[in-house]
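You will see chain A twice below: alongside chain B first, and alongside chain C after that.
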Partner chain A sequence: MLIAVLSGFIFSLFLVVFGKFFKGRFSLAASILPLSLFIYFCSFLGPISSGEIVSQFHPWVPSFGLNLSFTLDGLSLLFALLITGIGFLVFVYAATYLKEHQYIDRFYGYLGIFMGAMLGLVLSDNLLSLFLFWELTSISSFFLIGFNNTSSESRKSAVLALTITGTGGFLFLAGAVLLGWVSGTFSMTEMLTMREALHGSDFYLLIIFLLMGAAFTKSAQFPFHFWLPGAMKAPTPVSAYLHSATMVKAGIYLLLRFTPILGNHEVWNTTLIIVGGITMFYTAFHTLFRTDLKSILAYSTVAVLGLLVFLTGLGTQYALTAAAVYIVVHALYKAALFLSTGIIDHQTGTRDVTRLSGLRKVMMPVAVAGVLAAISSAGIPPTIGFLGKDLVYEATLGMGDAAIYLTILVLFTNVLILYAGFVAGIRPFSGKLPDNLQKIKMPGPLLWVPPVLLAVLGLLLGIFPALLDAPIVRPVVEAVGGDGAAVQLKLWHGFNTVLALSGLTLGLGFLLYFIIKPSQGKVTAMGRLEAISPKNIALNFGNSFTRFSSAWTGVFQNGFLRNYVVTIVLFLVILVGYSLFSGSEGIVIDWRSLSKLTFYEIAIMSLMFMAVLFIVASRSRLNAVVGMGVLGYAICLLFVIYSAPDLAMTQFSIDTLTVILFVLVLARLPKYLEPSNHARKLRDGVISGSFGLLLALIALEVLQEPVNKEISEFYAENAYVLAQGKNVVNVILVDFRGADTWIEITVLTAAALGVFSLMKLRLKKDERRINE
Partner chain B sequence: MELILALLIGVLYASGIYMMLRRSLVKLIVGIILLGNAVNLLIFLLGRITKGEPPIIPGDSDVFLQAYTDPLPQALILTAIVISFGLQSFAIVLVKRAHKMVKADDLDEMNTTDAES
Partner chain C sequence: MKTIILRAASNYMLPLLLVFSVFILLRGHYLPGGGFVGGLVAAMAFVLHAFANKLETTKKLFRMHPGFLMPFGLTLALLSGLMPMIIEESSFLTAMWLSEALPAIGAVGTTLFFDIGVYLVVVGVTLTIIFTISESS
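On to the complex of A and B.
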């Protein structure tokens, strides 16, 4: 399984090198990868349905508890099949869809990374590696959503998606670490056995808050839903892949995965029901106010995601079975609808449903796919959508006192989802073909076969639910902690409330479809409420934050060296000064510890004081350099007196060199500026004076503390014994700390090279012009 | 002596910072050099100063027989002197070059990395 997960990444790496040759006809060959992965995962159908769980373990960073351990159970298998199966169709579809695109190799590269990350996500048993793959899907989807990077709208929506899902990633990491800390393991299989302990933990609420935050952002739940409709700026194959089957379902996957570990708790269930309920109704309602096909599909996708969260929240046998079935239902019909919408867009150049009709006359196969997908989304028998909808009603009806409210909520959502499916799957193909669309050509089979395949599969699975029941749905239900055999999938349940509800849904849905027509007027009406939408609030927050940080940067990083120095110095003076004077009883100097002054020292010190004053006060550069020389030699004398012959020699030679260098280039250096004004001088004097005073005080304070000579003693004792040298300073530099000295030489070499090249640099004519 | 040396270090620090706060490019370099000297002397002082006991093992012995000055701060300062020379020489040449290219001798005119057209 490791190879299966990594193959997507390897494929992308391969494209980095061979991308050029890949363009053109070879892009179709890329679909071999998802196809072979799909077949590989299909081979697990047998073992998994007989209750087996396949595990593989590869240690990665065991000391952090980070391992690549993969577990394939029913839930993982369902997602793996969707990822690779729909991935295969999207790979095939995109080869034609993006044929003309300049960067089709990059597109496949991103797609490969995304597929690998998704597989890793659903197969990981280790929470930390799950997090890594989770983030990788966010990042690779960022590139996919912003693939048309010349459009600013596209870039914006990519950033928005990354911001929202990235925030969720942070929450996930925090939740994962907390969960790992509480349970003592990062393996989710092991956590299954600690259900009671985790439920009783003080951190339970915090953990589910963090994990739900991650799931809600990823799966676009209210109020984070807005990134998903925005992400429709991506090329249609991306939308089909990310939003029908994979990326946005990752949050659902996470919730289902943790249902047996953290679920069945009052807060868990209520939160999911409320958030899912609001999301599904709110966004399903929004589909009424859209005319862009992809936008309609996006909102209905969010509505279905809401429904899935809602079902996970209900948590009963029926609800979990319904969720499992609905994931398949939705993946099949929504991918088909996205792909057929893509074809319409590709052939006609518009996705505006008010301008599309009668397309069946020019693209019959696409119309078949659209209609089949639409009736599956509506839940009309004998499609698999009907089964899904029935199970949802079964689930809500079994909820005791709240059953009636939950059922009504789901009923309205279903009606609206039906409407959305019909608008996207039927309306463009029905009616009269307008004149301007007469010349539309029939798309190639590589475009229309994938959606038809998906739609027909939806029909087949509806007629033969047994194909889905035992191999897939049961293992999923068992993986999320339910009893797989409790609910039988069948098309006909007899005359009962559920059937009546289904009928009611269809009736209301048809009514809605025939009464309400999508129109520009409704889009505009909704646009007025834009200001208070969560999207706008988030955008405003982002913009204010940008403004705040650029203002903050403007204040501190203003480009004036002086201000940087002042900031640093003042900060140091205030902070260090405060701690120096607050804690202690002030500075006590033990005068006896200080050494006596002799004539030589007085002479040298006064020479130094004078040199410094001279340097600061002088208005001539040459004088200042002379002052520097005097100061350096005086320091040299000081080293001689205080037993540091090596330092004296070094200081002497270096100081001489500095003065020589300075004098050599002095003529080419700028003259001193006219003195700045007195107020500024005074201010700078106070600042630098206080800094000097602080340093002097610190020096005196330190002198009162005992000194630790352990390291020095080691060097002194071993200088000759170990390193055969008698000059200890020397031995330290070239032997004990030889590597440091070696690096120091490297630094000096770099400086010398820099000096040399700055001296010798001759600019070419055009470069010089820029500078002038 | 320590008291006066500490005072001198303070003065060196103060004048170094003061020179760095001027607008002139040359004064900036002078400030950096002063600051370098101040740091060296600070380390030297904090390693405790003693007279006439250089850290050199007498010729006929393997170890020290009498008191010796702490060699560690000296090793540090020696490194610091050499490195600050590298810094200073680079700074001097850089300032010369910048002056030639930008025709500015005022630090305040060099507050952006973008070429202004």
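On to the complex of A and C.
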């Protein structure tokens, strides 16, 4: 399984080098990868359906509890099959769809990373590695949304999506670390046995809210849903793959995965029902006000995601079975609708549903796919959508007192989803073909076969639900803690309430479809409410944060070195002074314990004192720098008499070079523009005086404490024994603390590169214009 | 500074100071010294040369920009840390030693190469900064 996960990344790495040769026919060959992975995962269908769980363990950073442990159970297998199966069709489809594109190699590279990350996400048993893959899917999604990077809309949407899903990633990390800390393990299999302890933990609520935050942002739940319609700026194959079939279901996956561990708690269930309920109705309603086909599909996708969260919240046998079936149903019909929309866009150049009709006359196979997918989304028998919808009604009807409200909510949502499916799958193909579309060419089979395949599969599974039941749905339900055999998938349940509800849904849906026509007017009407939409609130928040930080930066990063120094010193004086004087004992210094001053010390001190006076009094920068040099050398002398020759040598060289540097820089500065006035000199004098006094006090205070020599003794004793050196300082630098030194010289290098690039690398004239 | 005496002297001082800096680098293992100070002394030698002559003359002494010493030194230090991982399968930066001390240099181990790496980086960093700034002024 490790290789299956890594293959996507390896494939992308390969494209970095050989991408240039990849264009043209070879891009089609790339689809071998998802196909072989799909076959590989299909081979697990037998063992998994007989109750087996396949796991693999590869230690990665065991000291952090981070391991690549993969577990394949029903839930993982369902997602793995969706990722590789739909991935295969999308790989095939995109080869034609983006044939002309300059950067098609990059596109496949991002897709490869995504596929690997998504497989890693659904297979990981370790929460930390799950987090890593989770983030990688967000990042690859960012690149795919912004794939047309010349359009500023694309870039904006990509950043928006990354911000929202990235925030969720933070929440996930916090939740995962907390959960790992409470349970003492990062393995989800082990957590299964700690259900009681976790439910009783003080942190239970915090953990579930963090994890739910992660799931809601990833799966575009209200009020974070708006990034998903924005993500439709991505090329259509991406929308079909990431933003409807797989990535956005990662949040649902997480919730289902944690249902047996954290679920079945009042807060868990209620929150999911409320958030899912609001999301599905709110976004399904929005589909009425869109004319862009992809936008309609995006909103109905969010509605289905809401429905899945809602079902997870219900948490009953029927609800979990319904969720499992609905994941399949939705992946099949929605991917088909997206792909057929992509074909329409590709051939006609528009996705505006008000300008499209009668396309069946020019692209019959696409029409077949669209119509089949639409009736599956509507839940018309004998498609699999019908089964899914029945199960949803069974689930809501079984909810006791709340049943009637929940059922009504689901009924309306289903009606709206039916409408969205019909608008996207049937309206462009029905009616009269307008004149301007007469000459549209039939797309190649590589474009229309994938959606037809998906749509037909939806029909087949509906007629033969047994194909889905035992091999896939039952293991999923068992993986999320239910009894797999409790619910049988059947097309015909006899005449009952559920059937009546189904009929009602269809009736209302048809009515809605024939009464309400998508129009530009409705889009404008909705546009007026844009100001109070969650998207706008989030954007405003982001903008004001940017304004706040630029104001903050303007105040503190004002470019005056002296102000920086004043800020730093003042902060230190206040903070250190406070903690020094607020202590219970205050400052006690036993003057008698200090040794007497020697002649050398007095001489050096007076040298330093004179140098300081000279610096303060001097009226030229150069003189001041020379004074600083004298001060530095005097400190070196102190090091010499206190027998620290290493320090003295280094300090001596550094001081020399600093003076040289100063002199070089000073040549670039103007002469004293304004000799400091007295008030400022006084202020600086007070600040620096108090800083010096404080440090002196600290030094004296330190001398009063018993000295802990353990560390220096360790080095002194072991320098020769362990490191064969007699100079302890050097041995520490190159051996005991060698890693620190290595990082320090790296920092030095970075500083030098910084100086070099600031001074040397200026934009040329023509480059500057582009930047502006 | 265009004094003939300094210019004449600097031509002799440069090699002398460089030898001295290597001396400091090598003695660091037993006595005060080491790669960091050694590198600073070497950098000073070049800076002195640049002051006495022109910067251009000093730069000509290098075949390429002294900045290239930085990645070179970093790599050397890193490799000296990685060697024990590869050869002895011990952890990063565990020192390995030749069994016998060499005459004049003393015990030779991976730490010596680490220190040489530090030396090169320090020379590269100092000269890059000083050359860059003095060129722009």
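FYI, the second predicted complex is superposed on the first by the 558 of 772 C-alpha atoms of A that agree within 3 Å, B and C clash if a C-alpha of one lies under 4 Å from a C-alpha of the other, contacts with A are read in each partner's own complex, and residues count from 1 in each chain.
Here, contacts are C-beta pairs under 8 Å (C-beta built on N, C-alpha and C of every residue); 3 or more make two chains touch, one makes a residue touch a chain.
Predicted model only: the values in this text are computed from it and were never measured.
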State whether A:751 touches chain B only (first), chain C only (second), both chains, or neither. both
First (chain B), second (chain C), both or neither touched by A:13: neither
Which partner, chain B or chain C, is in contact with more residues of chain A? B
On the A-aligned overlay, A:659 touches which partner chain: chain B = first, chain C = second, or both, or neither? neither
Touching A:702 in the superposition: chain B (first), chain C (second), both, neither? first
For A:742 in the superposed arrangement: first (chain B), second (chain C), both or neither? second
Between chain B (first) and chain C (second), which, if any, makes contact with A:650: first, second, both or neither? both
Touched partner set for A:760, first chain B, second chain C, both or neither: second
Using the superposition on chain A as set up above, list the residues of chain A that contact both chain B and chain C. 645-646, 650, 654, 657, 661, 665, 668, 726-727, 729, 733, 741, 748, 751-752, 755, 759
Considering only the defined contacts, which chain A positions touch chain B in the complex? 558-562, 565-566, 569, 589, 593-597, 601, 605, 608-609, 612, 615-616, 621, 624, 628, 631-632, 635, 638-639, 641-647, 650-651, 654, 657-658, 661-662, 665, 668-673, 676, 684-685, 687-689, 691-697, 699-700, 702-703, 707, 709, 711-712, 715-717, 719-721, 726-729, 732-733, 737, 740-741, 744, 747-748, 751-752, 754-755, 758-759, 761, 770-771
Residue numbers of chain A touching chain C in their complex, please. 645-646, 649-650, 653-654, 656-657, 660-661, 664-665, 667-668, 723-727, 729-731, 733-735, 738-739, 741-742, 745-746, 748-749, 751-753, 755-756, 759-760
Tell me, which parts of chain B touch chain A in their complex? 1-30, 33-34, 37-38, 40-42, 44-59, 62-64, 68-72, 74-75, 77-79, 81-83, 85-90, 92-97, 99-102, 104-108, 111-112, 115
Give the list of chain C residues in touch with chain A in this complex. 24, 28-37, 40-41, 43-44, 47, 67, 70-71, 73-74, 77-78, 81, 92-93, 95, 97, 107, 109, 111, 114-115, 117-118, 121-122, 124-126, 128-130, 132-137
